[in-house]
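Scroll down for the structure; my scribbles are underneath it.
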Amino acid sequence: MMSRLKARVTDPQLLRALIGILVFVSLWYLFTAVLNLPRFKLIPNPIAVLKDWFSFTPASGRSIFTKVYYLDIAYSVGRTLAAFALATILGVSLGLLMGWSRTFYDFTFPIVELLRPMPPLSWIPLAILILPGVEIAVVYVTFIAAFFATVLNTLLGVFSIDKNYFLAARCLGSRPKDVFMNVIVPGSLPFIFTGLQIGMGISWMSLVAGEIIAGKQGLGYAIYEGYFLYQFEHVISYMFTLGILGYISSAAIRAAGRKLMAWEARRRGA
Amino acid sequence: MAAGAQNNQGEIFIKNVTKIYDPEGVHVVAMKDCSFDIAAGEFAVIVGPSGCGKTTLLNAIAGFDTITSGEIYLDGELISSRDRQIKPDVERMVVFQNGALFPWKTVMENVIYGPVVQKRMKRSEAVDAARDMLHQVGLNGIEDKYPEELSSGVQRRVEILRALINKPKVVMLDEPFRGLDAVAKTVMHEFLMDIFCESPRTMFFITHDLDEAIFLGSKVIIMTTRPAQVKKIVQVDLPWPREHHLLGSQIYLDLKREVLEAVHEEAKKAFEAGEREMA
Amino acid sequence: MEMIQELRLKREFKKVFNIRVLRGFLSIVMFVVLWQLVVFIKVPYLENLPYPKDVAAGAADAAGSRTYWFGWGISLIRIFVGFIMAQLIGIPLGLAMGISRTFKDFTFPVFEMLRPIPPIAWIPLAILFWPTRELSIYFLVFIGAFFIIVINVIQGVSNISVSLKWAASSLGARPKHIFWRILVPGSLPSIITGMTVGMGVTWNVLIAAEMIAGQGGLGRMTWEAYTNNNIPFIVVGMVSIGVAGYLCSTLVRWLGEKAMPWKKRF
Amino acid sequence: MSNRNGEGVLSKGDFGEVRLEGVTKVYEKADQSQRVLDECTFSVERGKLTVLMGPSGCGKTVLINLVAGYERPTSGRILIDESPVDGPGSDRLVVFQETALFPWMTVYSNVIFGCQVQGVSRGETKERAGHILKKVGLYEFRDKYPSQLSGGMQRRAELARAMINDPKIMILDEPFRGLDAMTRQLMQEFYVGLFEEIGRTNLFVTHEIDEAIFLADRVVILTFQPGKVKAEIEIDLPRPREFHMLASPRFMEIREQVIDLLYEEASKAFAAGSKAAYDLMGAIVARKGACEKCE
């Protein structure tokens, strides 16, 4: 145990990573605070960002010790979760149905293909206009982003299942519903999780855009507000906050995937 | 179902079967006027060059695909013809070439899948039956493992057990031991031999390995290259249960030479045809 | 022989009356009918949608106006500048990170630190930093494609089987041969995948950037239609963006096919 | 580089000899070390085809990598014509398990790759390539990409790519793996014919018993972890080899002998708890039963 820890600490990779990050931060500091290069004048330096981020009395009013910071996070996370949950439930079931039934596929796939190339963000104006309330419009845009990725990957997942599993299941006396539960659902799980992973990434991006354009609260909105109020420190600290949240949510999906797909994890372990 | 009754079941007649594949307008005559019979409880081994339509027959008997003309009967019942495609069913069980154990189910869940999904046994009964079977062949202790944690030899044996627990009339095996090394193959042969001798049932076994074919089969059916027909049927009159020292005997060597020559001729033809097709 | 004849007839029949094409056609007709119906019977919220025929009229209007096509031009130029810059910088960077373990150790952590930040969150900073709005939009488009291409190139390089490199070196290849004739073509499939995915994200970013900060472009036009309450034109704008994005992705895929003739079987 | 007699481009007689002297390979992983090869000593004779066999995990592939020069032995020496191996070189060519044709080059570009990177003149390259492609029967397929060829053709293209460099030693790591049994048999016949025609020192790894005996002048059997030389068997079947020999009494006799040796190693693998354990345990039980019945 100790030796492993020691190996970790003396690992050149970790050292190099630290050096890499240090160089990046130093350059940032050098350009903004020391050299004051022309285009960098307005960009806050890393120390100012950190100070503001971890201050008890931030100039911008938003730091890890203020309630409003967590309120912003809560708004954004709440919207993303709601949209993502909806996209997962609808997207996975639609994808599975499309993969299961040829007829259903023939009828629905053209419509999916018709709507899919439209970037989720191009829905914003229409969503604000016709949906009741801005809140629902933002959630809708976030939902659309994850939805198509999920449908498509689920469908791919069903198509990726080895034909022999279907034949074997029928040989063993399965009815269609048994095939669905015992072959289609577990067989497409790996792809479904890839889809969720991708969908989550696009969701966050669309959420930020939605909040900037139409939102009233949330991280994206606060970033844009910071820009107008000349509080550039919290623009940057919020960007990193978004990065961290994005990272955590995709890690959570990975963890859930491992949990649900024990057979995959064990294979890798073996 | 009594063991005695089984022995009289699983008789297959294949009559003038022709199969034409017709993808995108290039018709391929995979099989033409192919006829042979397999008696109940017989271990029939089919050998022949790749793409000679062995799998065509398997698909037709299993009910996965249709044939273009001809008839196939199982115990006097027409199961496949131009207008008839029987549904896949537990009485005609298939063990697939690359293995089709469900990777997302443990060994136990895989083996009991058939009886439970057919509602033929209660879950607990099926578990007991499966445990007995695994125990009998020395595979206890792996019930809770996933297939991909096991060596491919064990996977194949589990898959054969998953088929047998349903007590099918016919077991069809499509090159089940492909890719195993020599040692593992020998084990599989012993395993299959034990199972077959204990309760003989009709076997439809496709392979490329001639030693395997002669060692296991009560008759070896050699197919021609496309369009496939029966080239030769070699009766293997070696005593049951077969044992390994047979492999050196003169009668075995004579059989092997006979099969080898017939197969080699067809393999060469198939090879040359393949090269021509690709050019 | 007659059997073959019969099969051929069956196939011809299928070609003309292909049930699957028919169903596809039907589903799109149904979609339009449903749309019409939803507006007609005033389903709550959806009643604000324009009728399909209004959208068609809007589209006809747009097709005749110069500003509309001008918008296409502006958006396409923005996409191409940002996208191509991302490839020019991202591909060499990815190759370097894929080939040199040391270089990757130093740079990858910084890269991973910035990658999860949604491209759109860069908008304020981009406007601050770049002297013109146009440049900051190029930059955002660039960010949208950059991280994806780098990740894909790294993966592409690491997916090349070691036996190919060994085979080359045992045939006498020196490092420059291995680089140009093994590593570059070997990572091409992943590069194309990265470009395809990046193209999708890029359009998404561009639309947001144009709505928030842009002058002109399809995204801006759609947004202005919203501020003018010209609902049919919002839909026209959305469809135009969809078509433009689709064309760009098709172009990338076509380039991929041209660049990788070995991927085509027969 | 090549003496141009009637054969054209493939040299005759200038074959190498490989000698392994006490070759040991130990992998150090974190805090444990794994001994893969232990004091391996044998030689691959000049102009002969030596087959290396052993259970999975006996270090066959590692041994190949050492001889090819991709890795270095922990101790011991590998000599080629009395000079020690020092990195990969074009005097030895490796044909890999799964095909290592460059998928992005046509058959022709693949075959001439070695000549190109070594700076062989264009005219000579073209002549050699034409000759070799005809020899392996792929001349008409030279403008196809590997993915457009059948498995057997891919293996022949790979052999051609290796042979154009006129190596002193050919190293083949299960080159016919993954082909179906029929094609495999035909490829073995093709290769044995080629070998009997043009000679060359061959180190051939396989785990197919029939393939080993059919091709080899000598079979070297390695033990299970760590790999040591367990036995060397001279194969005295006459050359040229023909497929009929697969059914000859002598062939079956050698086959039994090899299987017996492999079983012993299999049982050790079982004791070591290898993943293939269940197969091997079954093997031992089956074997014992069979022997008891014989007696």
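Residue numbering begins at 1 within each chain, and the chains themselves are lettered A, B, C and D in the order written.
Basically, contacts are C-beta pairs under 8 Å (C-beta built on N, C-alpha and C of every residue); 3 or more make two chains touch, one makes a residue touch a chain.
Bear in mind the structure is a predicted one, so any value in this text is a computation, not a measurement.
Here the chain-to-chain distance from chain C to chain D, counted in touching steps, is 1. By the count of C-beta pairs in contact, the leading chain pair is A-C.
Chain centres here are Cα averages; for chain A and chain D they lie 49 Å apart. One simple way to say how far apart two chains are is to compare their mean CA positions; for chain B and chain D this gives 32 Å. Touching two or more other chains at once are residues 270 of chain A. Remark: chain A residues 12-13, 16-21, 23-24, 39-40, 42-43, 103, 106-111, 114-115, 117-126, 128-132, 145, 202, 204-209, 212-213, 219-220, 223-224, 226-227, 232, 235-236, 238-240, 242-244, 246-247, 250 touch chain C in the complex. Chain C meets chain D in the complex at residues 161, 163-164, 166-174, 177, 181-182, 185-186, 188, 260-263, 265-266.
The touching residues of chain D, when paired with chain C in their complex, are 68-70, 88-90, 92-94, 96-98, 100, 102-105, 113-114, 117-118, 145-148, 161, 165. Of all residues in chain D, only 55-56, 137, 140-141, 148-150, 152-153, 180-183, 185-186, 207-210, 243-244, 246-249, 252-253, 255-256, 259, 262-263, 266, 275-283, 285-287, 289-290, 293-294 touch chain B in the complex they form.
Across the complex, chain D is touched by residues 49-50, 138-139, 142, 150-151, 153-154, 178, 180-184, 186-187, 190-191, 207-211, 243-245, 247-248, 250, 253, 256-257, 260-261, 263-264, 267-268, 270-271, 274-275, 278-279 of chain B.
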